[in-house]
Amino acid sequence: MTQDAIASAEETRTGVWLVGARGSVATTAVSGCAALVAELLPPTGMVTETPAFADCGLPALGSLVFGGHDTANTPLPKRAEELAAQGVLPSWLPAAVQGELAAADGRVRPGGPVPGDTRAPEELTADFATDLRSFARATGVARTVVVNVSSTEPEPAHGEWPASSLYAAAALQAGCAYVNFTPSTGLRHPALAALAESSGVPYAGRDGKTGQTLLRSVLGPMFAQRALAVRAWSGTNLLGGGDGAALADPAAAAAKNAGKERVLADTLGAPVEGEVHIDDVPALGDWKTAWDHIAFDGFLGTRMILQTTWQGCDSSLAAPLVLDLARLLARAHERGLSGPLNELGFYFKDPDAEGSALAEQYTRLLTLADRLGEPR
Amino acid sequence: MTQDAIASAEETRTGVWLVGARGSVATTAVSGCAALVAELLPPTGMVTETPAFADCGLPALGSLVFGGHDTANTPLPKRAEELAAQGVLPSWLPAAVQGELAAADGRVRPGGPVPGDTRAPEELTADFATDLRSFARATGVARTVVVNVSSTEPEPAHGEWPASSLYAAAALQAGCAYVNFTPSTGLRHPALAALAESSGVPYAGRDGKTGQTLLRSVLGPMFAQRALAVRAWSGTNLLGGGDGAALADPAAAAAKNAGKERVLADTLGAPVEGEVHIDDVPALGDWKTAWDHIAFDGFLGTRMILQTTWQGCDSSLAAPLVLDLARLLARAHERGLSGPLNELGFYFKDPDAEGSALAEQYTRLLTLADRLGEPR
Amino acid sequence: MTQDAIASAEETRTGVWLVGARGSVATTAVSGCAALVAELLPPTGMVTETPAFADCGLPALGSLVFGGHDTANTPLPKRAEELAAQGVLPSWLPAAVQGELAAADGRVRPGGPVPGDTRAPEELTADFATDLRSFARATGVARTVVVNVSSTEPEPAHGEWPASSLYAAAALQAGCAYVNFTPSTGLRHPALAALAESSGVPYAGRDGKTGQTLLRSVLGPMFAQRALAVRAWSGTNLLGGGDGAALADPAAAAAKNAGKERVLADTLGAPVEGEVHIDDVPALGDWKTAWDHIAFDGFLGTRMILQTTWQGCDSSLAAPLVLDLARLLARAHERGLSGPLNELGFYFKDPDAEGSALAEQYTRLLTLADRLGEPR
Amino acid sequence: MTQDAIASAEETRTGVWLVGARGSVATTAVSGCAALVAELLPPTGMVTETPAFADCGLPALGSLVFGGHDTANTPLPKRAEELAAQGVLPSWLPAAVQGELAAADGRVRPGGPVPGDTRAPEELTADFATDLRSFARATGVARTVVVNVSSTEPEPAHGEWPASSLYAAAALQAGCAYVNFTPSTGLRHPALAALAESSGVPYAGRDGKTGQTLLRSVLGPMFAQRALAVRAWSGTNLLGGGDGAALADPAAAAAKNAGKERVLADTLGAPVEGEVHIDDVPALGDWKTAWDHIAFDGFLGTRMILQTTWQGCDSSLAAPLVLDLARLLARAHERGLSGPLNELGFYFKDPDAEGSALAEQYTRLLTLADRLGEPR
């Protein structure tokens, strides 16, 4: 980063408020941002660092100020060490960015509701919004983007307030842009629809597209464009870490699987036979393996098969997208955009707008980049 | 097909001249075309039968008249039975389309050069062109598209005339549109460049994109769009049949592999480490298995891996594309288009024009469909 | 087969009574036996046709006489044609063995209980035993082996009589040797224990080992012998056909999965983390795909992974083992052996005796071959 | 380790002389041995630490003294850090065993021949033998086992002395037991046959069985025991590290592949169609991926496929076997055994004795354990 950029970053700083601020994704995002600012590593996996985004006025990585909510107590520097031991972060990185991690950890406020919490939903929302305002005041950021990166919730019972929606409501109250990177309800709660529309802030979601569904969003269109008839698309996901445990609960997995199936139905033109399993395999730690088996018919009904095996690290796949989204939402907010940012389907399994083919989503993302970069 | 379409097909018929007319791809194309005309099977795998191509004036499948060159003697009905025994064609199909196969076989002329052939290249070309003109006269077709679907040739020595180029020259001489569906030289012979340009016919090639490279043309862009750093892309192809034997020869495989590597270099932005093997495995018959192993880096250099296994039937993948191309070239010829049809990159590993990402190639194909359908 | 063997086969014939006589496995076994007797195909997959079994006095394939129970009405020749259309049988085979299929079909008796059946369990058993005795009388076979190859039942409620146990009881009543090739209860019903012991007939089971578990029974010992620490063994099975639908019911899958897990616990020395999924994928027909993902630790805790993908045809894998078992049980019966044949663990997921490593099971099978071949 | 064991280790110490002492395998073996002695990690992957070997009088790990030859200069502590950065060793291990690594490194002598070396083969051998005797004198070890773990050599031209054979000859001259863990020639040089026989030392080889071939040695027997007909067994190995580069040279790969093919021919009863590729993929570092594709016929010729993907760390797989072999050879030497130890086929791709099925090899290994443990 040049000296000029640093100066500009000092002038206008942007808040990134992570719901689930001490989780793996948040820890990787904060560590990674610091590593890139210090030029310790190249920005692999960050779409907003590619040339197409050079001129759209995104906040510099060095201008991002991290804070967040969490119900966990393990501080970020310690979490970073745990991730390094698993190979998610380079072994030398936690020490190199220890200061930035500690600073962010100092800005983490208690989340909720915790067991025994007697606060009503409105109180919790109000408390969260107060935290957001205090953060902005204390750090002097020009605006804040709230990003939900906490563990997936079970689908809420009818009429109930899931925690993710309370945080989302707090973001609206505090005038913050909002991103839901998880399959949890967030802003999609029916009681928040009107508020979201009138809030004047931009938002995006939901459920970051990091592995199996990313693949499906390029393979589905391929079968469709070639007029090959997919007869069954089956998948198994093995993952450890917190998300493995959360998603092995069928109720929590339901929302995630809905997103996966939507991609296939959208790109193939009709729903397709086949199940998706999510297994909790603690031995895999933060790594996940997704196996897909696609039975399809070719010319004259000849039966063929494609199999894919994706072995990735969940936090490493998610963290750069979280940074991308925080920057894009901050810039959109600055430019006065509000409501759902339909051009961000590229990032999500279950996006706000139609269309699940990755290539088209990428094209739309580039049009957003153009809009963000236009002189006002 | 409606009665009108049949009537129109009778009025204007289109020749499809297959170089390698008794091979697996040709046999599957002729059998399949007959099966679709008789509505025995749905047109799976035929892109030109999707709604996007309904209004672009393509010749009806029922209007196609097949002939071709081959050095082999096994007649098409017998080849169809062999393919049915391998599961490439439904077991009942050869009997059902026996008449059409026999008719096409009756229009096959001896190819060349055969061992001991003393004809000079110009003589061979002239003989082939004569065959094309005789075919047109005998069948009354309005125009003919020559499609090379013969076994892959070794790369020719400098200054030598490979057979595929002699057939291509004959097509130009006889005023026929030309498609090179193989990695052989065909129209890309330096001595044919001027002739091709002045011929006034449209042409397209080369090397049909039917499996591993098709996959690569959607996966490569995915990695690029997500800014993931591919470190090594390795592949192994197992195939039996004639192509397995031909391509196990490193000289013959060279052209094919160049196409595969071009896709990666194009879509990833730079050449990437990794080898491609082609093994002849006669036990697989007409089936092929392609395994790809892609080592890539995510955020902060985390190492991840994608593997794909594609198990397909080569002839079933190729045949509908051959029919697509014959129809598209015939219509282009009818509309007066000439020279390389750059919008057909969708079909080829090593296309005439730039750009290897499937999604973009599909978009360009749709623009061609629009042009072909416009009122003159 | 020599003339002598044919003569001997005529003198002493052996009954093979298939419960589920019109299913895929039975159809394949009957068709295949006829094809081998006529020397139309080599005996691939039949262990009892290898040299180690040449001298143990097994009944010749040509001496086997098939009959059975079924609740389905589709006759065997028709089922064989359906299987040939799916590629399970060679397309020419049903016609070639039409006579043998029709003869066997003529000996199929109605199974039960069918919906609306008012017979008590004892009555059903008595009726089934009567069928067995009539078969023996009509055909003149020296003895009969009853083999359960019907679809997997749900695990029965406490105190209930599953159909498989009624058939097993009938076998004992009629003095027939018995094999349970499925995960259903069969002879393992607590109320049959005393009867089985006193019956004087040999029996074996349960749940034929044909794919994923076969693999596990060689891979498990490999990890154990090399002192590698398996941390999680996960698996997904995709299968169409009747068994896919039956096993997609978690209650029916429970017994099957117990067998699979037993193999791992036995060979690895302790139960291991990891789930097994069974998906019904009708598009696969009689074919099944089993994917296994094994996460293991090497020296100093280094994490490694083995994946296997097994693509097989269930009936083709099962049928030769059914013929093997019928021959082995018939010979054991002839030699006066009775009770569980502990040396047959080689064939089963959930065998009667200890020990799940395939190599040891094979060694024990060879000792049985020796015993069967000894002069009395 | 108890104090007694330490005392005993002090009384009788055993030398382990590693040819290639600064390579990945050697570094992992020395680091790992120290980690196990200090009880920092469990002995995963060490067969000689399983109960079956408890009473056969093997030297304690704490009694092993490491030295060796190498032409490389990077000291062992530095190599260990490099391996830890790649995830081959736990990140904390190099620091924890720094003393032991430095001590071993101090006993490394220059290998040869190096470029420009003018010593004749006999001189090199004599120099190496002198190094072995000096090591024994300096450390007071009771006996030394020489283990070749250097990079694979190209197959030597006729009459030439490959370096591996010079080291092997030196071991014989110095009265040391010898293990060839690589596919290089070593003791199999025709000119060493008589010397080996008369030397009075035990020896074993060659080519440690650590991945693809290990799998093949359990899968091959499975197909044979089930009478399934393997039609083609194809494989691709991707590996980085030094061995990747060495084996990408077809001449060097020839010996290795011969071992792999031998396993299949031995266990299946006849050679089988199919190629094996070894690709150098530096991006994989010390990790290797082996993909196997096995096309086989079941009953009635039905075609089926098994695929395996093995992702392992070469050094982690090899190092515990190197420690096993050093202990077994030392004990055998102590017990007066000499000549090829035929019971060690379990460890090798290309063993001295017949028989390639892992289960049988394991049984033979246990008989050796019994012999070694017998009172004299």
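As written, the chain order gives the labels A, B, C and D, with residue 1 at the start of each chain.
Keep this in mind: a residue touches a chain if its C-beta (ideal position, glycine included) is under 8 Å from a C-beta of that chain, and two chains touch if they have at least 3 such contacts.
Worth saying up front: this structure is predicted, and the values here are computed from it rather than measured.
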* Work out which chains are contact partners of both chain B and chain C. => A, D
* Asked: Counting in whole Å, what is the centre-to-centre distance of chain A and chain C, each centre being its mean C-alpha position?
  -> 50
* **Cα-centroid distance, chain A relative to chain D, in whole angstrom** => 47
* Structure fact -> Chain-centre distance (mean CA atoms) for chain A and chain B, in whole Å, is 43
* Mark out which residues of chain D touch at least two other chains, giving numbers and ranges. => 87, 305, 307, 309, 311
* Asked: For the protein chains shown, what form does their contact graph take: line, ring, star, complete or other?
  -> complete
* Structure fact -> Within the complex, chain C is touched by chain D residues 28, 31-32, 35, 41-47, 49-50, 87-90, 93, 214-215, 218-219, 221-222, 225-229, 297-302, 304-313, 316-317, 319-320, 346, 357-360, 362
* Asked: Hey, which residues of chain C end up touching chain B in the complex?
  -> 84-85, 87, 91, 309
* Structure fact -> Given the complex, residues on chain D that touch chain B span 231-232, 234, 236, 238, 273-275, 277, 279, 281-284, 289, 291, 293, 295, 303, 305, 307, 309, 311
